[in-house]
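Which chain is which? They are A, B and C, in the order written, and residues in each are numbered from 1.
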Amino acid sequence: MTTPLIEASETVDAIAAPTRPRRGWRSPSLIVGSVLLLVVLALALVSLVWTPYGLDQADPAARLAGPSAQHWAGTDRLGRDQFTQLMLGARTAVWIGVSSVAVAFALGTPLGLLAAAAGRLVDDAVAGVIDIVIAFPTLLLAMLLVTVYGASTTVAISAIGIGVSAEVARLARISASRVFTQDYVLAARTCGTSTPVILIRHVLPNIWHTLLVQATLAFGVAVIAEASLSYLGLGTPPPAPSWGRMLQEAQSTVGVAPWNVLLPGLAVAVAVVGVNLLGDGLREIGDPQLRTRRRATGR
Amino acid sequence: MTVLETSGLTITLDGEPLVRDVGFELAARDRVGLIGESGSGKSLTALALLGLLPAGMRASGRILIDGRDYLDAPDRQWRRVRGRTVSIVFQEPLTALDPLMPVGRQIAGPLRLHHGLNRSDAERRAIEWCDRVHLPDPARLVRALPHEISGGQRQRVALAMALACRPRVLIADEPTTALDVTVQAQILTLLDELIEETGVALLFISHDLPVVAGLARQLLVMRDGRLVESGPVDDVLRRPRSDYGRQLVASAARVTRLARPGSVSGTGGEDR
Amino acid sequence: MLGYLVRRVAWLLGSLFVAGSAVFFLLRVLPGDPAVTLLAVGSSPDELNAIRHRLGTDRPLLDQYAGWFGGLLTGHLGDSLFTRTPVLDQITGRLPVTVPLALSAFVASIVVAVPVGVFAAVRRRGLLGVAVSTLAQLGIALPIFWVGIVVVWLVAVQGRLLPPGGFPRTGWQDPAAAVGSLVLPVATLTIAQGSVLVRYVRSATLDVLNQEYVRTARSLGYSLPQALLRHGPRNGAATVVNILGILLASSLLGTVVIESVFALPGLGSLLLASVKARDLPVVQGTVFAMTATVLVIGLVVDVTQRLIDPRLGGSA
C-alpha cells in the first residue's frame, strides 16, 4: 500500500538541477598543462635573446660537473653548459613540434574534409590511403627520407608531419561525416545550400574543437618523435642542440653524470605531459556532450 | 504483508537534493504507478530501491525490504535481495541486454547465481520462461543474440530475466517507452498476465498517464523530486490535489479523447 | 565470412603493392642520384657507372620497378652495397634477436598491463587507481630510449646485475647469456608499451562498466567483479584484439630504438646502420619487411574481430 508521507505542496520554484561545480576554465588539467607548457615555451623564447653561456663555450676544468650556481644543470663531457643546451633544445623541440603539426594539419584536414564531403568512391579511396599511411610508421618514413636526403630539420618535420597527418585526416573525416549525417545539414541541403557553404557554416564550427584537441596531442607526439630521431642521429644535425641528442651523448657517461640523462628526459616529459594535460582540459571544456552530461548527471 | 517500504527517501548529488522525502510501501499484489516528467527523479528512486544509484549520489531515509533497512547496507547484503526479492526491468532492452550473449544464457544466469542450478537445468528453466513470456519457438530462440530478435521480444526476455528467480517486487522503469505503440500494448498485456500469475508487487514507472492508469491501482505523482500526489488511481484522476496533478490529468484527457475512437489503430503482429 | 576474408586479403595485397611502390619510389625517384650520394666527392665517372650498374639505376625506371616486385615475389631483395650479401639473409640473420625481443615484450606487456588496467578502471576513484593512471600517463610521455638509459643506469651500472647492452657473439648457443642480455631491453619495452596498454585497457573496461547490461547484471544480484567477468571478456575482446594488434606492431617498431639503446644486433640496428651508410637495398628490404608485418598484423586483427563480434558482419 502507498502512504503519502509528504503534503502535496507546490514548490515549483525549487528546481533541483544537479549542477556539479562547473570547472571549465579552472580545470586542474588545463591549469597544470598550461603551466608546464609555458615553462617550455619560456625556455625556448628566452633562448632567442639570452642563454647563460654560448653553445660551444666549453669549460675544460668543469667537465661532467654537477648542477651548481655556475652551471644550473651541470656540464657535459666537454664542459659545455647543459642549461644552455636545454634551452636551445626547447627551441628545437617547439619549432619542430609546431611545424610538423602545421604540416600534418595542412595535409590532413583538407583530405579528411574532402573524403567526408565527396561521394562514396572518393571517400573509400581516401580512407584507403589513410589506412596505409597509418600502417606506415613515422619512424620508417623518416628513415627512408634520411637515406635519400640525409638527416636534417626539414626531413624530420616532413616525416613527422606526414606521419601525423594520416591520424588528423582520419579524425577530420570521421567527425565531418558525423556532422554531414545530421538532420540540420540535411535541412540545409534541401534548401539548396552548396557543399562548401555547409562545410564552412556547419561542419567546421562543429569539428574545429576536436581538431584543436588533436593538435595538442599531435604536438606531444611530434616532440617525442623529434627526440627519438635526434637520439638515433636522424634528426636535426649538430651543432643545433636537441634533447634527444643530449641524451644520446650523455648515455655513455650515465654512471658518472646521471643528471645529464635525467634532465633532458625530464624536459621531454614536461613538454609532453604539459601538452597532453592541456589537451584533456580543452576536451573537457569544448565537448558539448561532456558538458551537458556533466550538467545532467544521473537524470 | 509489506515487502518493500521506503520513507523519507532523499537522494543528493554533491549536497544538492535530486529526490526529497519520498515514501511509499509495496505489498504482495500491489500495483503502483509512479508517474512524472523526465528529470522528476522517478528513475533515481527506482535505482535507490535496488541500491544501484550512480556513483557520487547519496541516499538517506529508510529502505525496508522484508522489514530490514538496507539503505546503508554493504553491497554483499544488497546482492542477496537484488533479482531475488526485488527485480527491475529497464527502458531500453537493446542496451540492457548483453549484445554478445545468447538470450537464454542471460535468463539462466540469475537462476544459477541464486538457486545454484547447474548449467543444463538453468537452460531448461530459461526455455520454460521464454515460453511463459510467449516467445515463439523458445528452444531455438534461447540461442539467439539480442540484435537478432525484435524489440518487443527483447523486452520479453528482460521480463523473463527479472522474474526468473521469483522476486516479490518488480520495478518496471518505463518498460514500454522504447517500443512501438502496438508492441507496447502487447507488453502491457503480458505484464498484466504475469503479475496476476506470480502475485508479484508492481512498481510501474512511466511519464505516460494513460499507460499507468491502465495497469496500476495506486498512483504516485512526482515532480521536481517530490511526491505531489498519491492515492488510488480513480481518486487521483478525479480529484487531483496539486496543480501539477490537474495539468497532468487535463492533458491526458485531451489526448485520450482524441485517440479514443478505435483507440489504437494499425495492425499488430510484428511482435510475438 | 569467406567473402569478407577474400575482400580483406585482396585489400592486404593492394596495400602491400602500394607500400612496396612507396618504398621504391621514395628511394629512387626523389631528386638525387643514389650513386652520387654513395661515393666520396670527386669519384671518377667510371666508378659512378659501376655503382649505378650494381644498383640497377642505369636501367629504365619501369624495368627497375618490375624487378623490385619480381624480387619481392621470389624473395630476392637484392644484395647489400657494402657486404654484398643478400638482403634477405641479412634480415633473417637478425630475426633471432628481434623476434624474441618483440614477442617477449608483447607478452610481458599483456601480462602486466591487463590486470593493472582493469584494476585502474574498477578503482578509478581510489588513491591507488588514480596513481596507476598517472604513472601510465607519465610512462607514455617519456621517450622509450630515456627509459632504457635510466634502466641501464639503475640496474646495470649501479646494481651491476645484468649486462648494460650487447648480445653474445655466439647468439643463442649460450641461452643463459642471450636471455640475460634481453632482460633489460624487454623490461624497457614493457614499461613503455605497458603504459600505453594500461590506458587502453582501463578505458575499454570503463566502457564495459558503463554499459547498461552491467547495471542489469547488478540488478539481478551479481557483484561488480562478477558482472565484469560475465560480460567483460566477450564485449571487450574486439577492442582488446585491436589494441593488441597496435601493441604488437609498436613492439616491433620499438625494437628499432631499443636495439640502439642496448646495442643489440637486431633488425632495427641493421636498418639504422644501413640508413646511415645509405645502403639502399638493405633499407628498402628492411622497411618493406617491417611494413608488411604491420599490415599482416592488421589483417589478423580485423579477421579476429569479425569472428568475435557477429554484429560487425554485413558490409565490408
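Keep this in mind: a residue touches a chain if its C-beta (ideal position, glycine included) is under 8 Å from a C-beta of that chain, and two chains touch if they have at least 3 such contacts.
In this text the structure is predicted, and so the values were computed from the model without any measurement.
Asks: Just grab the chain with the largest centre-to-centre distance to chain A, centres being mean Cα coordinates.
Replies: Between chain A and the rest, the longest centre separation is with B.
Asks: Have a look and report which chain pair racks up the highest count of C-beta pairs in contact.
Replies: A-C
Asks: Report the inter-centroid distance (CA atoms only) between chain A and chain C in whole Å.
Replies: So the centre of chain A lies 22 Å away from the centre of chain C.
Asks: Indicate the whole-number Å distance between the mean C-alpha point of chain A and the mean C-alpha point of chain B.
Replies: Computed from C-alpha means, the inter-chain centre distance equals 48 Å.
Asks: Indicate the whole-number Å distance between the mean C-alpha point of chain B and the mean C-alpha point of chain C.
Replies: A distance of 51 Å separates the two centres.
Asks: Over in the complex, which chain C residues touch chain A? Could you list them?
Replies: Where chain C meets chain A, its residues are 11, 14-15, 18-19, 22-23, 26-27, 30, 32, 34, 37, 137-138, 140-146, 149-150, 152-153, 157-158, 249, 253, 256-257, 260-261, 271-272, 274-276, 278, 280, 283, 287, 290-291, 294-295, 298.
Asks: Using the touch definition from the top, list the residues of chain B that touch chain C in their complex.
Replies: 50, 52, 55, 75-76, 79-84, 87-88, 90, 92, 95-101, 109-110, 113-114, 145, 147, 158, 161-162, 165
Asks: What residues of chain A sit close enough to touch chain C in their complex?
Replies: 128, 131-132, 135-137, 139-140, 143-150, 220, 224, 227-228, 231-234, 244, 247, 250-251, 254-255, 258, 261-262, 264-265, 268-269, 272-273, 276
Asks: Applying the document's contact rule, which stretches of chain C touch chain B when the two form their complex?
Replies: Residues 125, 211-213, 215-224, 226, 230-231, 234-235, 309-311 of chain C touch chain B in their complex.
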